[in-house]
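Chain naming follows the written order as A, B and C, and within any one chain the residues start at number 1.
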Amino acid sequence: MSSQDIPEENLPAEQEAAHVAVSIADEKDPFADPGLPPHEHRIQDIDERAARRSERMVALLFTVSMLATVGFIAAYVGIPRDKSIFVFPIGHLSALNFTLGLTLGVALFCIGAGAVHWARTLMSDVEIADERHPIEAEPEVRAKVHADFKQGAKESAIGRRKLIRNTMFGALTLVPLSGVILLRDLGPLPGTSLRHTLWSKGKLLVNMNTNQPLRPSDVQVGSLTFAKPEGLEDTDEEFQTEIAKAALMIVRLQPDNIKDKRELEWSHEGIVAYSKICTHVGCPISLYEQQTHHVLCPCHQSTFDLSDGARVIFGPAGHALPQLRIGVNDEGYLQALGDFEEPVGPAFWERG
Amino acid sequence: MSTTTNDESRTRGKAPAGERVADWADGRLGIYSLAKANMRKIFPDHWSFMLGEVSLYSFIIIILTGVYLTLFFHPSMNEVAYHGSYVPLQGQLMSEAFNSTVHISFDVRGGLLVRQIHHWAALIFLAGMFVHMMRVFFTGAFRKPREINWLFGFLLFVLGMFTGFTGYSLPDDLLSGTGVRFMEGAVLSVPIVGTYLSYFLFGGQFPGHDFVARFYSVHILLLPGIMLGLVVGHLILVFYHKHTQFAGPGKSEKNVVGMPLLPVYMAKAGGFFFLVFGAIAAIAAVAQINPIWAIGPYRPDQVSTGAQPDWYMGFSEGLIRFMPGWEVNFWGHTLVLGVFIPLVIFPLVLVAIAVYPFIESWVTGDKSEHHILDRPRNAPTRTGLGVAWMTVYLILLVGGGNDLWATHLHLSINAVTWFVRIFVFVGPVIAFLLTKRICLGLQRRDREKVLHGRETGIIKRLPHGEFIEVHEPLSQEQLHTLTAHHQYEPAEIGPTVDENGVERKVKGSQKLRAKLSDALYGEESQISKPTVDEYKEITSGHGHH
Amino acid sequence: MKKLSARRRHPLAAVVVLLLALAATGGLYAAFAPASKAQADETSQSLTIEEGKKLYSVGCASCHGTGGQGSSDGPSLVGVGAAAVDFQVGTGRMPAATSQGPQVPSKKNIYTQGQIDQLAAYIASLGAGPETPTSAQYGPEGADIAKGGELFRTNCAQCHNFTGKGGALTKGKYAPNLEGVAPKHLYEAMLTGPQNMPSFPDTTLSEKNKKDIIAYLNAVNSDQTNNPGGLSLGGLGPVSEGLFAWIFGLGVLIAVAVWVAARTAKAKKS
């Protein structure tokens, strides 16, 4: 609203005078603090009509809030949980979530907007200066406290009776140890469990997708297969913990393309089996690029070259992916020829 | 006797009920003495003073919605098959934690809304704390007597990060599980005790059956409990110290100018709570967050690309992503530097900003209280350091999302990683130099303005043909505001040889302090503000142009 | 209609008609039709291959060699199969522009499905490879969406994201967003492993598995997908959520804070 609709005579005279007063600089110190500028009135302070408009606005906001709450309850009762609606430009969404959220939002926002509008237009806007006092105590108070403390310390004789003091400190230092000791059973000690997986000699490589043991002919050049050790089912109690170490990634390379000698030895007809667990911090690494033979970790971009002993060629991983030595059994199924020869997953102090 | 008559007169006068209740409470709690000091407490008006309130209110919202969520969430890792109403998960094996979170999202009316409010409020809580902290930093509001409150705030930010992380991990979905796995890998990298820590944390091998329940008590009890205490302490100190203010007419170190708590700030701050809550509720109505049903339950052999933590942990993700894969093997042991270095730098990045106030106060040796805020330009070195810190933080954030920047800007992920590797060192230096220059430029402009007045944009032609721009002298209000800031002199070591020719020992710390002081307040680091004499010399006589 | 009239003039048409007339009443006609069609196709097949060869020599031979044997500019196509051709040409990846970045992008397909079939038939004639799948293979009937989700997270999500929004690979390569990709092309991509994508032959990812995955993708990443919570923010997870929280969340709240703290307009004499 423009100030033009305010009757001229309602504008206070001193407002003008005050304006002139502050713009003249102090002769002695033009940078000195001129003090708080005089209060200027708002439109609402001098025009009752404007004030009433503000009042109606605030009341309207509070009323809208009430209506929105009614809407919230109606939506809660009336809209089925699984109803989906299309809202442009958001897309298909849950009608219940959308309506509940918006009504709640409006109900809350309008209370806030009403209160703030009230404060801004109708409550006094005269700025008040409040004095500050130093946080520090007066010297007498300080002296008194120090004296009191010394008196107390003296009466306790803590300074004089060193034996009491020292044993007390000793006791207080030791007692939290009980709390620390109690944490011991948070978990078992690692032992060698990080070095072993479910893989062992003769365990078949079972296709993760079909749950069938794999034959060499199942694995084609350029394909990617994930495998788990025979006997591990996703309903097993310890499935998560075991698969976290045993998950396997199987690819087939042209034997000529394998640069690493040991990799070739441990492969079967160009089929190589590598741990799917990244040696950096343990993400399942399996972004296999079949033309470059690189695998990329989606978490931190460590890149390994599967045609060269899964050597690290980029990123934060510190060592190659462990390879599982494989062969075929009498029935022609792919099998492990032992466990991984080094710990899978992230490196740790005892890894060596 | 007199008391009885007083009481009698009160009852006879039939004081309003509210008054009687207040009297009753005062007799037991002494609320009147408390109210005397605080009811009309003055708060200055400035939008940036409300950033802390954004955080405070989102914290309250998080607590309210969090309590609701605990009514439905099962912090258990028992495997169950899903049989709720979301079809693409039917029959899938998942932990009870995940199952109950999907249940909240689809089968509890309003459950999804509360979940989304909780999560959006958490992101905004941390973002609010971050900008609030930066506001305090850049205006020097951390100076005496507020150093402890600065630390309280800093601790709240750090604890907020970990509360957020533990909460993000609770649903046991594929995304958060990947994050927990990362954390486990990071813990394993700690020399000597890493494996033990990891086994104690997870109750054995990863993932085990315990971490959700453990994170749950940390997330809903331990950390928020500490935070609640810190928030209360933080607020008490804000009341006790009284709020800072920007320089201006009538504002000094000895006062605080603004509006009283009752009624104006009661309405404004109280209203702001509803505004914040309302806005976050509306966001939760229109924008989906952490759709765990689409992400799927956690399995250690599954992963998705674009695996990132929530934004406040993003800088640690950046740290780990840009590291080269250093690993040292010796005497049968492995030092996993590629993971351990980021793990060490992670707290250091945070501590760097936290200790700055103490370094500054040591360098200035200033023991006085400061209640008038600095304009960032008037502390160019501090501002430059702050911007440099934010640059590091921001580059690490970019690094934490390197894969998404790569796909969305059609770049190579390797190139983005290399950019981060280089600019995490170069970026802050450039940012520091640039910021400092800009600050000094702005200081010069202020000086010009004070001495020569405001450029009016009116061009006047003088009788002899010369064109000049008319400068309008500033009002005393403006002059005062632009010259109110305090400027430090660089600390000097003083003569190293006393009057008798005996060499005085100068401690290394003194030398360091003098150097730092020169960096902060030397000629290169601030433009001396105009003096009254300079002003008078220019304004008297020649007229101005 | 065109096909029918072409067949009518076919040398074998008379035999077919005779057989039909001998064998059957109207009801049996339908049962016998496929057999007759197959017979007719055998000859039309060679015509199709001829047509395909013509298209090949115009659009593909410059890179893949005149007989599909490959050259320095393009790999050999012997044995890639019809499915690979249908995918590569059908998604517009082939023919590719001469100067390629790290990866050939999909673009507007310039061939009709008929022409693609002819090309595919020609390439298939060079060496046996995966055949183009039928709608029974990739259609939604009998698919288990939830199983598809599990399979997708095991085999696909590492590159293509939880719901197939795509992701980064090394050196500027990327796994594309799968929204809007035809079920047939999804199937063919899994079967043949285009570019750097590994293949998932039926031996490692069974036909049923593929069907499940396609059904899952249709449920979670199509324009009909229901995002109950609202804006999906690209389905990219915490990065876009964080940006949204900062820009919209904090942005709105700061704007509100500015309003709360601003001075109310003062009455001034104009």
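Keep in mind that, in the parts below, a residue touches a chain if its C-beta (ideal position, glycine included) is under 8 Å from a C-beta of that chain, and two chains touch if they have at least 3 such contacts.
The model shown is predicted, which means the values in this text are computed figures rather than measured ones.
Novice: Weigh A-C against A-B on C-beta contact pairs and write down the one with more.
Specialist: Of A-C and A-B, more C-beta pairs in contact link A-B.
Novice: Which chain is most remote from subunit A in terms of Cα centres?
Specialist: So the chain farthest away from subunit A turns out to be C.
Novice: In whole angstrom, how far does the Cα centroid of subunit B sit from the Cα centroid of subunit C?
Specialist: The separation of the two C-alpha centroids amounts to 47 Å.
Novice: Report the inter-centroid distance (CA atoms only) between subunit A and subunit C in whole Å.
Specialist: That gives a centre separation of 36 Å.
Novice: Just give me the whole-number Å value for how far the CA centre of subunit A lies from that of subunit B.
Specialist: So the centre of subunit A lies 15 Å away from the centre of subunit B.
Novice: Could you list the positions in subunit C whose residues touch two or more of the other chains?
Specialist: 154, 158-159, 167, 169-170, 175, 227-232, 260, 262-263
Novice: Find every residue in subunit A that makes contact with two or more other chains and list them.
Specialist: Residue numbers touching two or more other chains: 90, 93-94, 97-98, 101, 116, 120, 125, 208, 226, 284-287, 298, 301, 314.
Novice: If you look at subunit B, which of its residues touch at least two other chains?
Specialist: Where subunit B meets two or more other chains at a single residue, that happens at 106, 112, 116, 268, 271-272, 275-276, 279-280, 283-286, 288, 299, 301-307, 402-403, 413-414.
Novice: Spell out the part of subunit B that touches subunit C in their complex, as residue ranges.
Specialist: 45-51, 53-54, 82, 87-92, 105-106, 112, 116, 120, 123-124, 127-128, 131, 174-175, 268, 271-272, 275-276, 279-280, 283-291, 294-296, 299, 301-311, 314, 400-404, 406-407, 410-415
Novice: Under the stated contact criterion, what part of subunit A meets subunit B in this complex?
Specialist: Result: residues 22-26, 29-37, 76, 81-82, 90, 93-94, 96-102, 104-116, 118-120, 123-125, 127-132, 134-135, 183, 186-190, 193-194, 208, 226, 228, 234-235, 239-241, 243-245, 247, 276-277, 280-287, 298-302, 312, 314-319, 345-352 of subunit A touch subunit B.
Novice: Within their complex, state which residues of subunit A touch subunit C.
Specialist: That would be residues 1, 3-4, 6, 8, 10-11, 15-16, 40-47, 84, 90-94, 97-98, 101, 116, 120-121, 125, 207-210, 214-215, 217-220, 222-226, 251, 284-292, 294, 296, 298, 301, 303, 314 of subunit A.
Novice: Residues of subunit B touching subunit A in their complex?
Specialist: Answer in residue numbers: 40-42, 79, 85, 93, 106-107, 109-110, 112-113, 116-117, 145, 178, 181-182, 184-186, 188-196, 198-208, 210, 240-242, 249-260, 263-265, 267-268, 270-286, 288, 298-307, 317, 320-327, 329, 332-339, 369, 371, 402-403, 413-414, 417, 450, 473, 475-477, 479-480, 483-484, 532, 535-536, 539.
Novice: Across the complex, what residues on subunit C touch subunit A?
Specialist: Contacts found on subunit C: 151, 154-155, 158-159, 167, 169-170, 173, 175, 193, 195-201, 203-206, 209, 223-232, 259-260, 262-270.
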